[in-house]
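Chain nomenclature is as follows: A, B, C, D and E, assigned in order of appearance, with residue numbering initiated at 1 for each chain independently.
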Amino acid sequence: MSEPIIKLDQIEKHFGNVIALNGVSFDVRAGECHCLLGDNGAGKSTFIKTMSGVHRPTRGTITFEGRPMSFSSPRAAMEAGIATVFQDLAMIPLMSVARNFFMGREPTRGWGLTRRFDVEKANAITMAEMKKMGINLRGPDQAVGTLSGGERQTVAIARAVHFGAKVLILDEPTSALGVRQTANVLATIDKVRAQGVGVVFISHNVRHALAVGDRFTVLNRGKTLGTARRGEITSEQLQDLMAGGQELAQLESTLGGTV
Amino acid sequence: MTNTTDTASVDERIKAEPLLARLMKRPELGAIAGLVLVTGFFLATASEAMFSLSGVLNFLSPAAQLGILAIAASLLMIGGEFDLSIGSMVAFAGMIFGACVVNLGLPLILSIPVTLAFAALIGAANGLIVLRTGLPSFIVTLAGLFMLRGLSLVGLKWITGGSTQLRGIREAVEGDLLTPLFSGDAFGGLFAWLAQAGLIESFPNGTPKVPGIPVEILWFVGLALAATWVLLRTPAGNWIFAAGGDATAASNSGVPVRNVKIALFMLTAACAALLAVMQVMDAGSTDARRGFQKEFEAIIAAVIGGCLLTGGYGSAIGAFFGSVIFGMVVIGLTYTSFDQDWFQVFLGGMLLLAVIFNNAIRKRVTGER
Amino acid sequence: ADIIVVAHGQANDPFWSVVKNGVEKAAKDTGANVEFRSPETFDMVAMSQMIDAAANQSPDGIVVSIPDADALGPSIQRAVAAGIPVISMNSGSDVSKSLGALLHVGQDEESAGRAAGEKLAEMGGKKGICINQEVGNVALDLRCKGFAAGFGGETSVLPTSNDPTEIEAKVRAALEADPGIDTVMALGAGTAGEPAVAAVKSIGKSGAIRVATFDLSASFLESVKAGDAAFAIDQQQFLQGYLPVAFLSLYADYGLMPGGNVPSGPNLITADKAGQVVELSAQGIR
Amino acid sequence: MSEPIIKLDQIEKHFGNVIALNGVSFDVRAGECHCLLGDNGAGKSTFIKTMSGVHRPTRGTITFEGRPMSFSSPRAAMEAGIATVFQDLAMIPLMSVARNFFMGREPTRGWGLTRRFDVEKANAITMAEMKKMGINLRGPDQAVGTLSGGERQTVAIARAVHFGAKVLILDEPTSALGVRQTANVLATIDKVRAQGVGVVFISHNVRHALAVGDRFTVLNRGKTLGTARRGEITSEQLQDLMAGGQELAQLESTLGGTV
Amino acid sequence: MTNTTDTASVDERIKAEPLLARLMKRPELGAIAGLVLVTGFFLATASEAMFSLSGVLNFLSPAAQLGILAIAASLLMIGGEFDLSIGSMVAFAGMIFGACVVNLGLPLILSIPVTLAFAALIGAANGLIVLRTGLPSFIVTLAGLFMLRGLSLVGLKWITGGSTQLRGIREAVEGDLLTPLFSGDAFGGLFAWLAQAGLIESFPNGTPKVPGIPVEILWFVGLALAATWVLLRTPAGNWIFAAGGDATAASNSGVPVRNVKIALFMLTAACAALLAVMQVMDAGSTDARRGFQKEFEAIIAAVIGGCLLTGGYGSAIGAFFGSVIFGMVVIGLTYTSFDQDWFQVFLGGMLLLAVIFNNAIRKRVTGER
């Protein structure tokens, strides 16, 4: 198999006296979708934040395209080709959808003093990308703060996909999405993977993970429980691992395998 | 992908919205209602001299001086920070500038860049301290307020040998090629011609009552246009809104928040220095109390113009209107026959009314609740 | 006649409220229509704009104070050029003529300071402090300068805000830190003079430390009367408000104008005179 | 069946020129779980916000326990017995978990001047309720802003359940939850329903809805598409309705029925 | 429910945390480091008179007066609002109080409640306007700043017949039973005894140099304790934090945000009035400039003490320490031999240092980055 685009080794992250990550190793290869799974509070979001330059790891090394790398800011990670959908979406509520979409990477027109933000282009692209995901926006200048939860999440995903170059990180991207939008996002992951992008996908939904994942890494209480390839593991085994290896039998019986 | 029917163009979930409502929703235009209210008030109560050509220029000139600060302050506020040191910076930069032209005898082409650079440097220092320590800019620039004011006093005494006032600047800059750019009136020839043609009032001796448009008004308008262009039509403008709206989210989305904020601090300080240069050249002197409380008035003007103190929302045009409203109210009372004792009551009342009126009109027109 | 007064002190400053009372009295007496204007803070730029605004209304006369001739000069000259008679008051006696004002009513700050300093030195002062509640205000700086010159002995300036509580604590701190200080010069009676007297009293040195102040306040005068304070310097600012308005209104009606400047002070109010001034001061006349 | 506890009739809600709800009717009976389903932006959150006193409807009537009612504030609705988990959770990030848990309904001790916030009791209850949901908090004084997404959502749910009196409204409560926590929440819904509480449950997950729902109302573009009882409708029909009645066949074929 | 093993008691994901770190994390104690720094500085540089009993009371007394405002302002700031009108309120309430005792001849038992009620009413009006219009409290109370200041001037002139100073208050309240509660020094007997016993310094005539503890210091301490109790140990305190942290979320969770905010505005105004009563009784007179810029200083003290301008975070004890730091720095320089022209430079520098030091120590101790 190909070399990993990004590889993280024995990452630790402490917040004051809280140990959020206690030695996690992980890598993504071009053209694969690597799922990161685990219980609430396992440290998934913290981990991908160190991957995308938000946190600096307390200990551990990051290798990007074979070279050791320490991203000084999310912008640096982005310029290296890592696009991320954060769990909190990283949107500015008071700004319009189009301005949020292109925040930090505005398309421009003209040269020198007349170089300007190409608003028409930004608006057109935003509307088109949103429609691809199954959301018909009323207009590109609606404030993000007045969007519904799912609409907002879709903006964040469409933005990351639009700019995603080498690695696309999605932290629970489908949590607030409707049926149709979820299907679109999963299809999109499938598509960008085929184009050679490495995808990191975090989800609590075993079915979503199994639908698109090539490898599955499970975190538990800040540590890796292990990595499995597609086909090596069943849905039930994965579910047990995600719940921290605890018994779900009792619940499953009352609710009839619905989870 | 799925083939959704294209309903975006005719969405049944949008009511038709009149042009007026669309306009009033823009933060740029929110302050117009207040301006109309205040103008109406003075049209009704003030001596008619207020709205003669010379009267209008007379209240626009302080408004412009305030506005130069307020526009910069509004950008900084939109970017999520304050600078309380700009008032003191006016005194400090005035001193630097005065020392350059009077004591060192430098020409304006050197003095002005030196003054602006000095100010920008201090602005950058403010910004760096804020970003490094993570302290609120309020407290950091407050320290700047005290320190710059104190340094102006100490510096002036040192330069002048004991006085807190530095004089002789008008003589020193007289004849410099750049002088007309920063002091006096523009379009003097045009106005002289208009007066001769009898189109504008003139003194008995034939010189026009209004010798021209004070240059600070041109700077003010220019700055407002430039700032609006930057805010609405450039990537940097988008970054300013983002940095002020939510610094973490902006930084996570790839906005260079630190650089944006430092640039804004530098701009604000430089605008204060620009004002200092103009004031000093106009007045011919500078003293340690120049610009006293101007930081406060600049913030007031920006807030009247619709900037939020919490950052991420506002406009330069709003600050423009806010400054005009503030300047008009402050000078306007001079043209009415109200007792000066009531000045502050009146000032407070007018400001409150103007802002409430802005707000009420906007809500009414846009149907917000 | 329509007359506009533009002053650099605020209407809520006790000193300037007396000037304003003088202006109002003159307005009543002469029947002139007078307006009193001043900027919100000591701000020469704003003040010059107010003079312009006044000139725009083409009144029958303008009264101005001139704490900074460079900054205000052009505006005054513009008004004079427009044919408006101008009288200066309070500050600016040295430049008044050259800017085209008809005459000046007031006291020279520096020489008043010198007079006070001389008097305090004569009373035996060796080491003094000058409490400046508005450092950078040229008029106040000049008072301290004059005081230092007239006093002769060792002096220093104590900068404060204009909050009486803070002034009291600071004066007390200064006196405790340096027991050699025997003279306190305050630049305003209500703001600084009264707290200085209180501070001296609180360290038990009433009488031993001489306290003097510029301008008057009823409470301070009572301290003078009681011997807790040395004297107050009265520049009779009521006259600075009253006379220019009266002159201009006469000038407008009959073309009358005195031939020279009118010195309104200084006038030292010591214990023997204090009693009769207290009541007038309480009414805002002195 | 019993009388509805709360009944909303022909509710409309406009934001400026945006029509978010255009005539929606809905009711909840004691002891039932009524699911509110629909595409992103359909108006579900807006609707339940009018139910819990956040928005005032532009038009339409609300009947609570047989009497017409117009809640002046969320507090009024709460006092009437309506507890809500909002989609944005309504938490204060800078405040501790326990303080957020009891925000607005603090337990007190002592009388008169010594009447005080019973911090020990609040802490103990918070830890216990969180553990019931499957989250072991490090401590009750951790700031909510530093919790993981799922931990935060669990706080909001545990709080609403703890105070839920007559109606419990859950706006996508399981979106950020792990496998185990989701199972717990569904079991909790089952339990409170059995105690006679009326539950309004919003979800994009058809399986979760079918597991606990008694009735299903589908919203589309601000209007009701219709209400069905449990057993009257199949999972596939419901899914089609939720996607706004659009064809999912194409997607399903590529992704193998994973949604 | 599921039977998870109980790992909460021994969580492997928590490092042991020393007591010091736990203490420094509390917003209440963050400002202590700054206080220590400033005290150390003055111990090293100032005349020893500063830390004698009388010297300490001398700087604590203005600190206490500021602190009474700052504590109320900090509660309001935690609740997410500002009140810029408190400085003017000191003058205005002083006038009301003066008029009550001098002109109407009311006893203190009536005058003080009337004054407080008047102030609280104005505070409530401020709050109502803010909540009704949705305008930022900055601009609304700014209008209050101007209007109350102006009304004090007009009112005083009207009451006194032309003067801006109202006198004779000390005579009017002399002998009133309540006077010792609001002016003068407490524990006079104790101090006299201590002086006799030679334990504290006394004048040659045997009266103690320090006649007692100024009552404002007792009020200050009492208020700080009460405010801390309310903030940390009552439901109302929880509501204040919630209202300031996120008004929408708080209101959605059932916090009566409107009532909380209005109550805070009333409290702040009432504290300003309380200060006015004490100042007026101490000075025996009031004038139109009392409390000038105190609103500003109160906010400074609260921010030094760790309050965030954005609301939702801070503490009353922090404001307490902030006031003491501010008071100490302002008065302290007088005890040193530095040139007093440098006062403002020094003031700004010390404030900045104190806050940076606070911050650095807290980060170091708690291991935040």
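Please note the rule applied: contacts are C-beta pairs under 8 Å (C-beta built on N, C-alpha and C of every residue); 3 or more make two chains touch, one makes a residue touch a chain.
Quantities reported herein were computed from a predicted structural model and do not represent experimental measurements.
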item	value
Co-neighbours of subunit D and subunit B - touch as defined	A, E
Interface with more contacting C-beta pairs, comparing C-E to A-B	C-E
Distance from subunit D to subunit A - Cα centre to Cα centre, in angstrom	26
Where subunit D and subunit E are represented by their mean Cα positions, the distance between them in whole Å	43
Centre distance in Å when subunit B and subunit C are each reduced to the mean of their C-alpha atoms	33
Inter-chain centre distance, subunit A versus subunit C - centres from mean C-alpha coordinates, in Å	71
Interface hub residues of subunit D, defined as touching at least two other chains	15, 18, 88, 134, 138, 180, 183-184, 187, 246, 248, 251
Subunit B, residues touching no fewer than two other chains	2, 4, 13-14, 149, 153, 341, 343-344
Per-residue overlap in subunit C, given as positions that touch at least 2 other chains	11, 135
Touching pairs - complete list by chain label	A-B, A-D, A-E, B-C, B-D, B-E, C-E, D-E
Contacting residues of subunit D [partner subunit A, same complex]	15, 18, 38-42, 44-46, 87-88, 134-135, 138, 146-151, 154, 172, 175-184, 186-187, 190, 204-208, 210-212, 239, 242-244, 246, 248, 251-252, 254-256, 258-259
Sites on subunit E touched by subunit A in the complex	2, 4, 12-17, 21, 366-368
Subunit D to subunit E touching residues, read off their complex	52, 54, 73-75, 78-79, 84, 86, 88-95, 99-100, 102-106, 108, 115-117, 119, 127, 131-132, 134, 136-138, 180, 183-184, 187
List of subunit C residues in touch with subunit B within their complex	4, 11, 20, 33, 35-38, 40-46, 48-50, 52-54, 56-58, 68, 70-71, 73-74, 81-83, 134-138, 141, 145
Parts of subunit A lying in touch with subunit E, wherever the complex brings them together	14-20, 22, 221-222, 246-247, 250-251
